[in-house]
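Structure provided below as structure tokens; questions to follow.
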Amino acid sequence: MIYLQYLLVGAGCLFFIVGTLGLLRFPDTFTRIHAITKADNLGLGLLMLGLLPSTESLPQALKLILIWLLVLAASATASYLIAHYVKAQSPDALPHADTTSEEQD
Amino acid sequence: MNLIPLLLVIPLAWALLSLLLPRLPIGLLALAGIVLQLGTAAMLWNNVQVHGASSYAIGDWVAPLGITLVADGLTVTLLAMTALIAVVCAFYAIFYLRAYEKERRYFWPLFWFLLAALNGIWLAGDLFNLYVGLELLTLSAVGMVTLSGERHALAAGLRYLYAALLGSLAYLLGVALLYGAYGTLDLGQLSSLLDANLMTQLALALMTFGLLMKTAVFPLHSWLPPAHGGALAPVSAILSALVVKSSFYILARLWMDAGDALMPVSAAQLLGTLGALAIIWGGWQAFRQSEIKMLVAYSTVAQLGYLMLLFPLAIGQSQQSAVLAWQGTMLHLLSHGFAKAAMFLAVGTLVLAVGKKRVVDMAGISAKMPLALFAFGLASISIMGLPPSGGFNAKWLLMQSAIQSGQWHWVAVLLVGSLITASYVFRVFSVSFQKDADPQIRSTHPALDLSALLLAAIAIALGFAAAIPVELLTLPEDML
Amino acid sequence: MHFFVSVLLTGSLWWILTEGAQAWWIGGPAVLLASYVATRLHHPDSQRINWLQVPLFALFFLAQSLKAGVDVAVRTLRIRPAINPGTLYYRTSLPPGTARYLFGSIVGLFPGTLCTDFDHDQVILHVLDTNADIAMDCRRLERRIARLFSLPPAAIPPTSLNKEAQS
Amino acid sequence: MQFAFDSMLGLGLLACAAGVFWSRDLFRSVVMFIAFGLLLALTWVRLEAPDLALAEAAIGAGLTGVLLLDAIGHLRQHNEHSPRNHWLLPLLCCIALALLLILSFNARPEASISLPQLVAESLPESGVEHPITAVLLNFRSYDTLLEIAVLLVAAVVAMALNDGLAAAARTSTEQSNRDPVLAGFTSRLAPVILLVAIYVLWAGSYMPGGAFQGGAILAAGLVLLKLADFHIERYAESLLRLGLAFGFLVFLAVATSVMIGGRPFLTYPEAFAGQFILFIEAVLTFSIGLILFSLFNQSPGQEVPHDN
Amino acid sequence: MTAFWWTVAALLLVTLLAGLIRIWRGPNPADRMLAAQLFGTTGVAILLLLAQAMQTPALNDVALVPALLAVVAMVAFVRRARPEAEEPE
Amino acid sequence: MTTDFWFACIGAVLIAMALFTFIRHTHLLRRILAFNIMGSGVFLILVGLAQHQRQTDPVPQALVLTGIVVAVAATALALIIFRRFYQLSGRTELDEDQQ
Amino acid sequence: MNFWLPLLVLATSLVAALFIFTLPEERHALRGSFNLLAAVVKIALVGWMIIAVANQQTFETRFTLMGDIDFVLRADALSLLFAGLSSLLWLFTTIYAMGYLEGTPQRSRFFGFFSLCVASTMGVSMAGNLFTFLIFFEMLTLSTYPLVVHKGSAEALRAGRTYLFYTIGGGVALLVGIASLHALVGHTEFVETGVLRDVSPDLYPALTAIFVLLIAGLGVKAAIVPLHGWLPAAMVAPAPVSALLHAVAVVKAGAFGVVRVIYNVFGVEFSYQLGVLVPLAAVASFTIIWGSIQALRQSDIKKRLAFSTVSQVSYIILGLSLFGPIGTMGGLVHLLHQGIMKVTLFFCAGIFAETLGITRIRDLNGVGKRMPLTSAAFTIGAFGMIGIPPVAGFISKWYLGWGAMEAGLHWVLGVLLVSSLLNAAYFLPVIYRLWFARPAPEWPDEQIPAGRFETNPWLLLPTVITAAFSLGAGVFAAAAWSPLSWAELIAVREYLS
């Protein structure tokens, strides 16, 4: 059981790392949204799963799930909102043509 | 029923009342409340005079777990002063604010919160509680400054807010260090625990810095003139007469409590030097101002400098000199409160009547507004430190202290300050006596003149009745 | 009816939150209040969820989001990110309302898709890889959602894919 | 590993702060600040102060962030004018301050008073089980009373500045361009937020949580509704005023009414202290939520500023 | 067991801090906000892990709050942000 | 070095950084940010120092909670005044040289 | 009653002032009658006190101000000398001013401050210790400022500034002196023969410094050269104000203060011991001569009178510093005599200016025929100043000279002689012009008075009365209630107790 926990949590962590990597590597805003939404949610889900066996009661376990669901709903909505925003900012060119060039400060 | 909490409950309750029931004649309502508060303060004053200082554990939890309020001679004097100035300012505001329909609705709640904060600060015996009180004071004061919503008022309010917030944080940092070091926040307990080490001294230095910022002591004063000079007249009066005093009060208590052991004489001399610079710089700036309210506001900067003389005169000097300095400073605080409030009210009436703000616009005003000008004159007697006035008696005490401790340079400062003050005050007068000008004025309600006169008269009367507060100031077992 | 469902849902939520301590004397009013709020905010003509379909949909959703996560992970971890983004104008049969907007938001958690806008009955999607068969996935999601809301499955109109891919 | 975690967390805080301060683009500063808030919440957890973590998560990352984002959206440009030129002396002073502080931490005397012990001893009499709530609403309830007054003052000033400010213009900008996805999401999330707020409030008696955290969550919920164009503030102004002041009113009334019975200000009847505290907290939560929301809502609108 | 939780938490913290780079580099506001969103989710994960590692179940409640409210900042951004004026005043 | 002490030190550095920014920059919004971070630094010191080598202390935590509320109120107020000021004047900083 | 009477005396003018301030500008009749009533009441009260004090009674009002400082009003022989002068001249100047200011604006303000000024003077006269003295001394400064700038012209405002500059500076010196004295020896109660007799010799240097400070502070008001600069400038004020400043209030307060310091604080003998009296006499002598020379150079009537004041007031100080009862009598009696005579002269100058528009001496040719009563009054005053018997001034100079002989300061006689010659030199030409020169075809700016008198009777009446007093004080100097006998009373009490 404990190894399963390790595995799940470790996998979850991995997905977080991947999400961040995507955030850093992907060339434009839209693709970054893809990376972060999908990877992080999965990461959190796996992590939550890994933690479930350590909970002391059913409601506590359910609370973990609830947290995950909330994050899911929030990311789903947020990803749409931000994508919508970016598109509204540059309606003519979608995907945005300039976003690949990194601005250096 | 104990009177001490009533001084908090009344303003807070009235704040709510005027917030929730804006359609009632809140001015009159306020007057009723403030008279009630004045009565309470007077009764408490009497109590302390008869029975001596008392303390009050809020919620029945004694310090250090709970918060203890302390009512000693100084506290009740300040409470009485607050109530007295507030009652007159409220009376003034009722008539003054007739011209400000929108501002009137929000003036009263803020006014009451401000009073609650002031009363809370005078009574507080807990370092953190003082912080919360200071913040309540700052926010309501800033609110009152920005009440008109005009650009300059907003800018002044922002400047004030930022300075005050910075000061609060410095103070809070000091509190954090003291709590870390001693594990208690109660002033009474701390004063017996404090000993000289880096942390304590750093804490006190930080708190001093923060409080100096809030007191607008030179060179941290630049926020004060626009805020006090730009606000509505009753607001300016309250700010200059009471609000800036609160942080000085905390500072004085801290230093007196910590005593000679912790506060090096050189630091005290430094504070005194700042005060001296404030007196000179503030006076000079007041002399240079073209707007009359700014003149009065810079006068506040200068007058706050006198308060700073407490430190060099009391720290590291003989007991006798320290007592004189303490009495003189507190008497100055009182009389400046009354006189400056009277000045702002009088000037407010003048500006309202003339409709212009500059000193030169007041040409020939003495024929048209004799009472307001007379009130201004009476008040400025006290500000200048000429007899007979509370201001004079305060300077006399300070001077005695300085002479007895052999610090003649502070005598010189006191005198030079008086001369500078006279020069900017008489600038106003000499303009007002100009004969060839014929200013067009709006008629103002006589109550406005009356309020200013009343406060000025109190400042003068303190010249004759100084014994009453001064005796009470020595009342606590031994603050020194 | 809707209020009743709300009470049930919020009640169980309260139960979860308090971890069984329940405290219904405060929870009761809280649940009623929350349900009232839910009812007030509820759009009257939005579609109703068929609660029986929820577990099934959840399974589908879990599988898809797992796939999405793995998909994006794989693309990210390539030395050169394996993406080929583009825009997809997806014509949906879902009627305007909860169902369609749920589709819009959930599609963002599915492999390679991201909803950016709605235009009449088109959903404008940003896709990570224009070469993948996105429309197929979408159609499956659409069907599931229709079932979740007990909507009649409608004829699926053709979908156009923006070919101006760019990397 | 804990040490590594703490080190990174601390450095992360510094990095975020540096990001806030050294970025020319203010928007970036604000986002950095939001990140800072989240790291700070983690820090509070590490300092065994979950109450503060809760508050920081609700405030720093939630509400303050929203206020700042709203404000920056109001600006026409995010870059700032060049900073002041003289910087060496302030820099040295600041470095000296930090060094002095850290040095003084080491020179700390041993405390002779142990307040935590006192709190623990008095906890049974306080009516609640959670020490922080006991301190906030019983031992030092006077602070809390004044703190609510501070909030109320801020709300009053906001109202004063907003009074008569082209109310028509405000409503016209609020013409429903409601985003359907956001609206749907919000309408379902709002009851959850409400419920969580009440839960946090209730939890305060036993574990981390309480009126302020609950109020902040409530406020965030209200802000969300407002942002999603649910017009919830369309109540009569007097009702809004009552709502804002209600918590304070009840607090003060309870605190004062015991004095009629001859007991000191801000005491609770012994047998019902817990219930009284919870009741006060409940109304406070409601009012704090409304006040924080109105501080957001009363922010001056987005009219284009006139140049000079 | 706790050591593992700590390790994972530390790893997550590293990814979180790596997100700072995106906030810093942008290039446009949406990217920065996106990174902040990442902070929210990762923060929730770290909080859950800390709840385990520090044996404080109350931290689950703390985790609930960013889960619930992280979206508010994003909403505020998309609803209230105004594109920056091209030219300085 | 305990966790409490470490974060208290971080608090000290945060204060110094924020103070420097507060002095150096005139943009009102940035000053609000600096004020908030400075406040956080103070709070860290308050809690960290009190708990350093002692037990968990609920009192400073309660104080900080109060402090956070006050800071939020002040921040919100500053923002509101600032925004109104900006609306009227189009300026994001005060005229510093005005005496 | 003994407690309240000094306060009551003070209150008569103080209440009058406050009442007048609140009165609307146009209620002239009410204001005038109230003012006169107050003046009459005050004279009655002071008269009562004079009788009582002559019968060894004392009046004292005392309460604690703060700490060890009391507020003391005490009526002793010396204070009543000054109080009597002030109350008497208040009545006459008020009557005169009512006529002088008829039809001008801002009379409410004028009479209010006028009364306030008198109230301060009464306070100065009855102050029972240095602290109380200082209070009223400064109050005097403040209440005279509005009178000096009353006209509101640029010149008046400038004069007001000069006036303030000097008097506030003097006030500061006085304050430092008093404060140091207080710190050094504690109380500063006025006691006959002084309080400092028994201090240790170590303090002598400090006390000398304090003496100098005090005299310098008081000397500004008493217009001792070189501190006299404000006095000629203040001539722009209306004539009744000038009369008040020169005869009653300001310069006299200064001189009176010197009396108090020398007699009741330091004590004559102690002062002599300190060795400060002879230098003071020298300064006074210099002032006498210098003032007279300056007066000689003036062509403006009021300016000439002003410098005459500078010179004449120093006679008082000279008398005091002669450390003998005779000199004291001379000095003190001159305080009264100079007041009455100088007020007469200024009244006359005002009448000339108001009725005929004459402000310069060369325009006075032949006025004696046009205005015989006024000219006669002027002549009496001028004779008094020169010291021609039987006018009051002669008595003063006689005693001063006698005192100087007693003190062995023979050079003072010379000073007196020279100054008298100078006095004659600047007054006799004026008198010659008045009576014997041929008048110009028309007066510069003649206002034809309504009545049958040569000018407004409100102006004429007080002038004539004060002239009569000047004459009477000289003629009846030996009588029981003459100023001289009162001064004798004081001198006896100072030296023989």
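Per-chain numbering from 1; labels A, B, C, D, E, F and G assigned in written order.
Keep this in mind: a residue touches a chain if its C-beta (ideal position, glycine included) is under 8 Å from a C-beta of that chain, and two chains touch if they have at least 3 such contacts.
Keep in mind that this is a model prediction, so the values were computed, not measured.
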{"item": "Lowest number of touching-chain links that must be crossed from chain D to chain E", "value": "1"}
{"item": "Two chains joined by the most C-beta pairs in contact, as defined above", "value": "D-F"}
{"item": "Chain at maximum distance from chain F, centres defined as averaged CA atoms", "value": "G"}
{"item": "Centre distance in Å when chain C and chain D are each reduced to the mean of their C-alpha atoms", "value": "33"}
{"item": "Whole-Å gap between the CA centroids of chain A and chain C", "value": "15"}
{"item": "Distance from the mean Cα position of chain E to that of chain C, given in whole angstrom", "value": "23"}
{"item": "Where chain D and chain F are represented by their mean Cα positions, the distance between them in whole Å", "value": "13"}
{"item": "Set of chain C residues in contact with two or more other chains", "value": "13, 17-18, 104-105"}
{"item": "Chain G residues counted as touching two or more neighbouring chains", "value": "none"}
{"item": "Chain D residues counted as touching two or more neighbouring chains", "value": "2, 23, 25, 46, 48, 72, 74-75, 101, 105, 108, 111, 114-115, 119, 140, 143, 147, 150, 153-154, 157, 161, 181-182, 185, 188-189, 192, 196, 199, 203, 307"}
{"item": "Residues of chain E that touch chain A when the two form their complex", "value": "1, 4-5, 8, 11-12, 15-16, 18-19, 21-22, 24-28, 30-31, 33-35, 37-38, 40-42, 44-45, 48-49, 52, 57, 60, 63-64, 67-68, 70-71, 74-75, 77-78, 81, 83"}
{"item": "Chain E partner contacts - residues on chain D that touch it in the complex", "value": "1-2, 4-5, 8-9, 12, 15-16, 19, 23, 25, 27-28, 31-32, 34-35, 38-39, 41-42, 45-46, 48, 50, 53-54, 57-58, 61-62, 65-66, 69-70, 72-79, 182, 189, 192-193, 196, 199-200, 203, 207-209, 213, 217, 220, 223-224, 227-228, 302, 307"}
{"item": "Chain B to chain G touching residues, read off their complex", "value": "324, 327, 331, 364, 366-367, 370-371, 374, 377, 381, 386-388, 392-393, 396-397, 399-400, 403-404, 411, 415, 418-419, 422, 426, 429-430, 433-436, 463-464, 466-467, 470-471"}
{"item": "In the complex with chain D, residue positions of chain A that touch it", "value": "70, 73-74, 77, 80-81, 84, 105"}
{"item": "Partner chain D, residues of chain B touching it in the complex", "value": "1-2, 5, 8-9, 12-13, 15-16, 19-20, 22, 56-61, 64-67, 102-103, 105-106, 109-110, 113, 116-117, 120, 128-129, 132-133, 135-136, 139-140, 142-143, 146-147, 149, 177, 180-184, 189, 193, 195, 197-200, 202-203"}
